[in-house]
Amino acid sequence: MRVVSDTMRLETGPEMQVVDVTGDVASRLEASGLRDGIATLFVQGSTAAVTTVEYEPGLVHDLATAFEKIAPRRGEYRHDERWGDGNGHAHVRASLLGPSLTVPFAGGKLALGAWQQIVFVDFDPPPRSRELAVQFLGQ
Amino acid sequence: MRVVSDTMRLETGPEMQVVDVTGDVASRLEASGLRDGIATLFVQGSTAAVTTVEYEPGLVHDLATAFEKIAPRRGEYRHDERWGDGNGHAHVRASLLGPSLTVPFAGGKLALGAWQQIVFVDFDPPPRSRELAVQFLGQ
Amino acid sequence: MRVVSDTMRLETGPEMQVVDVTGDVASRLEASGLRDGIATLFVQGSTAAVTTVEYEPGLVHDLATAFEKIAPRRGEYRHDERWGDGNGHAHVRASLLGPSLTVPFAGGKLALGAWQQIVFVDFDPPPRSRELAVQFLGQ
């Protein structure tokens, strides 16, 4: 049993960005040489999150619509009043969606469905350089 | 330290289905012989999710009401326009609730509260045959 | 590779409480002597949850506002009709936010961002004594 800890750097554009990181995670898993265990993805920051989705432009838009309902970009946030960041909505959305995702793997393969991708969701309006922790633990 | 990877097959009915899988997970944990570690549940698909709930019909209904507010079944989805699946709401709901759940166990027992059950939530309208990855990692 | 299982007891006040447990988790990790692996936090109960947030009073308020929209405190819940607990909203919110959080650690340090704290969110209106499972698995 071993632990392989790594970090993925992501450069995101403006507005809500949904980045498919599945291929990158799968390559790193292969490079680790581990066959059975768990992949843990963890966003190091409080305005982005990870989940899975069938990655296609329609759903990326539909997800944004749902988040606009839950925590609208132009809503009123105490965080913005206090800090003037203008990203209160991004913090609320990120906390709701959550920073961590755990994907089991067996036989060297991530246990994903055929139309299911791992995505990094950046809710912060300005382009950002981001860090996503990627850790494999297994044998 | 060992890894035991398994898959649970679930046949779900029409509309939003909330299936209590706690007993099944506990039986598999017992069969694994592991005493201390983590149970990872992961939905292999993009229109279902896992969480915990006090499993009783009232809350199953209340959860459905909340999701109807966040991503209404009869809402407009780009995913539906493009693919004609009619399940855009199911994709959005599943991404929000999330495909993974990690439950620690100690002394061979899952760390659940007295009125807390592990549930598989299928958001896809038609009845489906589903796969839920169940993996135990520990000693 | 070892597993260290523990429980954190939290005494929460009235209404939605957001408790920063980062320092406590970091101390327990240090005490475990583990350097690389995962920290699993799991709420033992169905009316509280865990996530991360930039912990400051403005965002605590903003999170409460978002949850009031998703599952209002004074809404109608079948759970309340049946059980008279008056906490249907707390159950729905907890299931949505989720009971588990997995934080990788490397070199003895939790992989958190600079302004990112691990928080326990108690949605149950009355003050409660709560248990949060904290488990470290690694080497």
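Letters A, B and C name the chains as they come in the text, with residue numbers starting at 1 for each one.
Assume a residue touches a chain if its C-beta (ideal position, glycine included) is under 8 Å from a C-beta of that chain, and two chains touch if they have at least 3 such contacts.
Here the structure is a predicted model, which means the values were calculated and not measured.
Of all residue numbers seen at the subunit A-subunit B contact, under half occur in both copies; the interface is built from largely non-matching residues.
Subunit B and subunit C carry the same sequence, and matching their CA atoms takes a turn of 120 degrees, rounded to a multiple of 5. Between the CA-based centres of subunit A and subunit B the separation comes to 19 Å, rounded to the whole angstrom.
For subunit B, the set of residues touching two or more other chains reads 1, 38, 70, 96, 98, 102, 137. Taken in their complex, subunit C has these residues touching subunit B: 1-3, 5, 38, 40, 42-46, 70-71, 77-83, 88, 91-92, 95-96, 98-100, 102, 131, 133, 135, 137.
Subunit C contributes residues 1, 36-38, 51-54, 56-59, 61-63, 66, 69-70, 96-98, 101-104, 106, 111-113, 115-116, 137-139 to its touches with subunit A in the complex.
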